[in-house]
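Here the chain labels run A, B and C in written order, and each chain numbers its own residues starting at 1.
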Amino acid sequence: MMGEQVEQSGVSYSHPIRNRKSVLELRNVSIYYDENRAVKDVSFNIRRNRITAIIGPSGCGKSTLLRSINRMNDFVEGARVEGELIFANEDLYGNEVDAVEVRRRIGMVFQKPNPFPKSIYNNITWGPLNYGYEGSLDELVERSLKQAALWDEVKGRLHESALNLSGGQQQRLCIARALAMEPEVLLMDEPCSALDPISTAHIEDLMFQLKEHYTIVIVTHNMQQAARISDYTAFMEMGDLIEFNVTKRIFTRPSVQRTEQYVTGRFG
Amino acid sequence: MTVELNQKKVTEAPREADRVTSLQSSKIRWGELGIRIWLAFCALISVFTTIAIIVLLASETLKFFTAVSPAEFFLGTTWTPLFEPSAFGVLPLLWGTFLVTLGAAVIAIPAGLASAIYLSEYASDRVRGIVKPILELLAGIPTVVYGYFALTFVTPTLRNVFSDLQVFNALSAAIVVGIMILPMVATLSDNAMRAVPVSLRQGAYALGATSYEVTTKVVVPASLSGVMASFLLAISRAIGETMAVTLAAGQTPNISLSMFESIQTMTAYIVQVSLGDTPTGGIAYQTLFAVATLLFAITLAINILSQLILNRFREVYE
Amino acid sequence: MAFHSTTEHRNLAKRHLKSKVFAAFCGAVTWSSVVLLVVLLYQVSVDGFRWLDWQFIDSFPSRFPERAGIKSALVGTIWLILLVALISIPVGVSAALYLEEFATKGRISKMIEVNIANLAGVPSIVYGILGLAIFVRYFALERSLLSGALTMSLLILPVIIIASREAIKTVPVSIRYAAYSLGATKWQTTWAHVLPASFPGIMTGVILALSRAIGETAPLVMIGALTFVAFLPEGPMDSFTALPIQIYNWVSRPQQEFHELAAAGIIVLLTVLLLMNSTAIYIRNKTEKRLR
């Protein structure tokens, strides 16, 4: 898909992706809030159609890093990003890049479910309608809800308020809502931390199905979750990237002692 | 001090009777009781006020309706209670109030909402710190000043543009009342919009939406009850507005579609009667109460409606 | 996929433009209000400035504009401020204290709350009619300062109660518990701890309410404040006039000079309001600092 775009438009890009298997490359990314450096010189690649987890103790900068990927930090006064985040052969923070377009192609699910106080149906169609979606809305809603494993539970009450759903259902609705935009990457900021264990299990199963078509980056403070579902893991502490590797290695044979201490529970 | 005394008593190994009485107070705290009664009385004054208003208005209005039929009052289109031949159709006054209120609403509601959107969604804290006090200042200017402004600035300026505008007209009054209630709409709507959680806005932005889309299609719909309550309260205030319309709109009750002519509102009529030499107890005097009752009933209904809407709004977020 | 079309990218530019235009529009409307205020104040100042001198403040109203002044109106307004404050502050704050601290939160207190909210929205002229019937006629206080002050107090009572309640609500529960645990009665706690802590907020609400009272004309018209008063009131039972009434009287006259006199009167009125609000802010800042 990426290759197609480069050929069709015939334009040469200034920031080509180096690794064909990556959909997103972070190169020496530092994030500042005024004078405070929250993320320090982080570099790693996000592989397409895989789940990459970012773990670390509270305040290590993982959420900040995640929000910089879809330019949500733009809303924080005094936030500044250095380094490069390469996506679709562009630097996401380049001068010509449109943040609104970035957010359409890189979606996000938040820690606490935040459905709009509208009907289930309207929650899902809201985003695409802004873009002038021309296909069948009913199909879009059904498709998105099926992808989020919520269709069977709500198909009879699509026009009821989304606020009537349980916490776990609301979060799956937020996932469906994000998927309706057909993003290439889905960012998930501790999506299960406000949910009960059963809902959490549902969403983890969902992520396995989703990675077939989407790339997922998930921030989680739950190490077991990262070990269960992710393919790659990045471990951060105090703004630094301590280690980035295949998940199996991070949890069985980490290269850095600090990583070993964290995953074996000696701190954090 | 009380603590020390108790400890002393314990070391003395008191008898059963002593220990029981040391906790009970032997006297009623009269001072405390007296203060409680005073405080409750003050709170009840508000109840007395409402009862007094209702009793007063109702009794005089009932007297009025023994002399004038409700049908003539509510359906008649001529209002000349102070002259001969006397007619008691209140529709011209209602129409006058309606015209001014409508004009004021047309100005204040869109402009107030736009200001609220600007303050809550776009303005920085520094700008808010400047604009909000200015809006409060606008709201605090006495109504006579607005009446003066209408007569000496608004009407002459309008007459340059519309040559057939009368000196006393509904349009100037509507403009000035609109300016007066604009801060109300802006402040209350701003409060309503700020109550919408940030997480909702973030969720909307994360779907690749522009600020226009997030504001008009998520924030305003989510705060709609609070916004509508602000509209209703502002309209209620416009209906009850007295001095500015008395000065600017004139004292001619008539039903005409033109806003360029002089009209009379319910409030202006009440002022006219009380400033004049109407003898107490006559039918003309009683018209004052009849009109006041109508005014009170309308504003009360609107206020209750806005409170109901506001309560529904609180339910969603609490 | 129904996305990824070229029309979508043209749409994006349109959507951004819409957003920018919308933001600019809202900003323009807001700043227009600011401009409007400046125009209003400028207009009033320009019109009234040449009449504003010591003679103006020191003279009584007259049929001749050169000799007319607002002495009686200014003194009347000051009398009113003092009397209204004296009556409405104790009663309003007491009512607020009762509702917040002493009343059991049941159906009755909820009813009183709703009642007060409704009273706050009743047009001021209705209060005038009430004052006329109760204070002027029934209590036979005639058209005196006392009648006017009582009427105005009723008018602003709901505002004071609501604002005071908000201020009292912000006092943390822990302060009360600390006092109770030392064996203090409810009133002792309220007087010594809750009231001082909520004082700044109450002051702000009171001054706002008093400012509103000073600017109201309709109720005073109803109770019969006179418009041509060539003497100073010497006690609460004397008849009187007030600044808004005098201004109204002058504005209603056709002659240009009286309009300008009205503008001068407005400048005086706005100055009085400014003084009151500044005093409030001063008092609030002083008491806030002391509590820290």
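The rule is simple: a residue touches a chain if its C-beta (ideal position, glycine included) is under 8 Å from a C-beta of that chain, and two chains touch if they have at least 3 such contacts.
Because the structure is predicted, anything quoted here is derived from the model rather than measured.
Trainee: Line, ring, star, complete or other: which one describes how these chains touch?
Mentor: Chain contacts: complete, every pair touches.
Trainee: Of all the chains shown, whose C-alpha centre falls nearest the centre of every protein C-alpha atom combined?
Mentor: B
Trainee: Ranking chain pairs by how many C-beta pairs touch, which one is first?
Mentor: B-C
Trainee: Could you put a whole-Å number on the gap between the CA centroids of chain A and chain C?
Mentor: Taking the mean C-alpha position of each chain, the two centres sit 53 Å apart.
Trainee: From the C-alpha centre of chain B to that of chain C, how far is it in Å?
Mentor: Roughly 13 Å separates the two chain centres.
Trainee: State, to the nearest whole Å, the distance from the C-alpha centre of chain A to the C-alpha centre of chain B.
Mentor: Measuring from centre to centre gives 49 Å for this pair.
Trainee: Do you know which chain A residues sit against two or more other chains?
Mentor: Counting only residues that touch two or more other chains, chain A contributes 100-101, 130-131, 181.
Trainee: If I count partner chains per residue in chain B, which residues reach a count of at least 2?
Mentor: Residues 210, 213 of chain B touch two or more partner chains.
Trainee: In chain C, which residues are in touch with two or more of the other chains?
Mentor: 15-16
Trainee: Would you pull the chain A residues touching chain C in the complex into a rising list?
Mentor: Against chain C, the touching part of chain A is residues 98, 100-101, 128, 130-135, 140, 181-182.
Trainee: Hey, which residues of chain C end up touching chain B in the complex?
Mentor: Listed in rising order, the residues of chain C that touch chain B are 15-16, 18-19, 22-23, 25-27, 29-34, 36-37, 39-40, 43-44, 47, 90-92, 94-95, 97-99, 102-103, 112, 114-119, 121-126, 128-130, 132-134, 154, 157-158, 161, 183, 185-187, 208, 211-212, 214-218, 221-222, 224, 244, 247-248, 251-252, 259, 262-263, 266, 269-270, 273, 277.
Trainee: Spell out the residues on chain A that touch chain B in their complex, using ranges where they run on.
Mentor: Residue list for chain A touching chain B: 70, 72, 75, 100-105, 107-108, 110, 112, 114-118, 126-127, 130-131, 163, 174, 177-178, 181.
Trainee: In their shared complex, at which residues does chain C touch chain A?
Mentor: Where chain C meets chain A, its residues are 1-3, 7-8, 11-12, 15-16.
Trainee: Could you list, by residue number, the parts of chain B that touch chain C in their complex?
Mentor: Residues of chain B touching chain C: 2, 29, 31-32, 35-36, 38-40, 42-47, 49-50, 52-53, 56-57, 111, 114-115, 117-119, 122-123, 131, 134-135, 137-138, 140-145, 147-149, 151-153, 179, 182-183, 186, 210-213, 215-216, 233, 236-237, 239-243, 247, 267, 270-271, 274-275, 288-289, 292, 295-296, 299-300, 302-304, 307.
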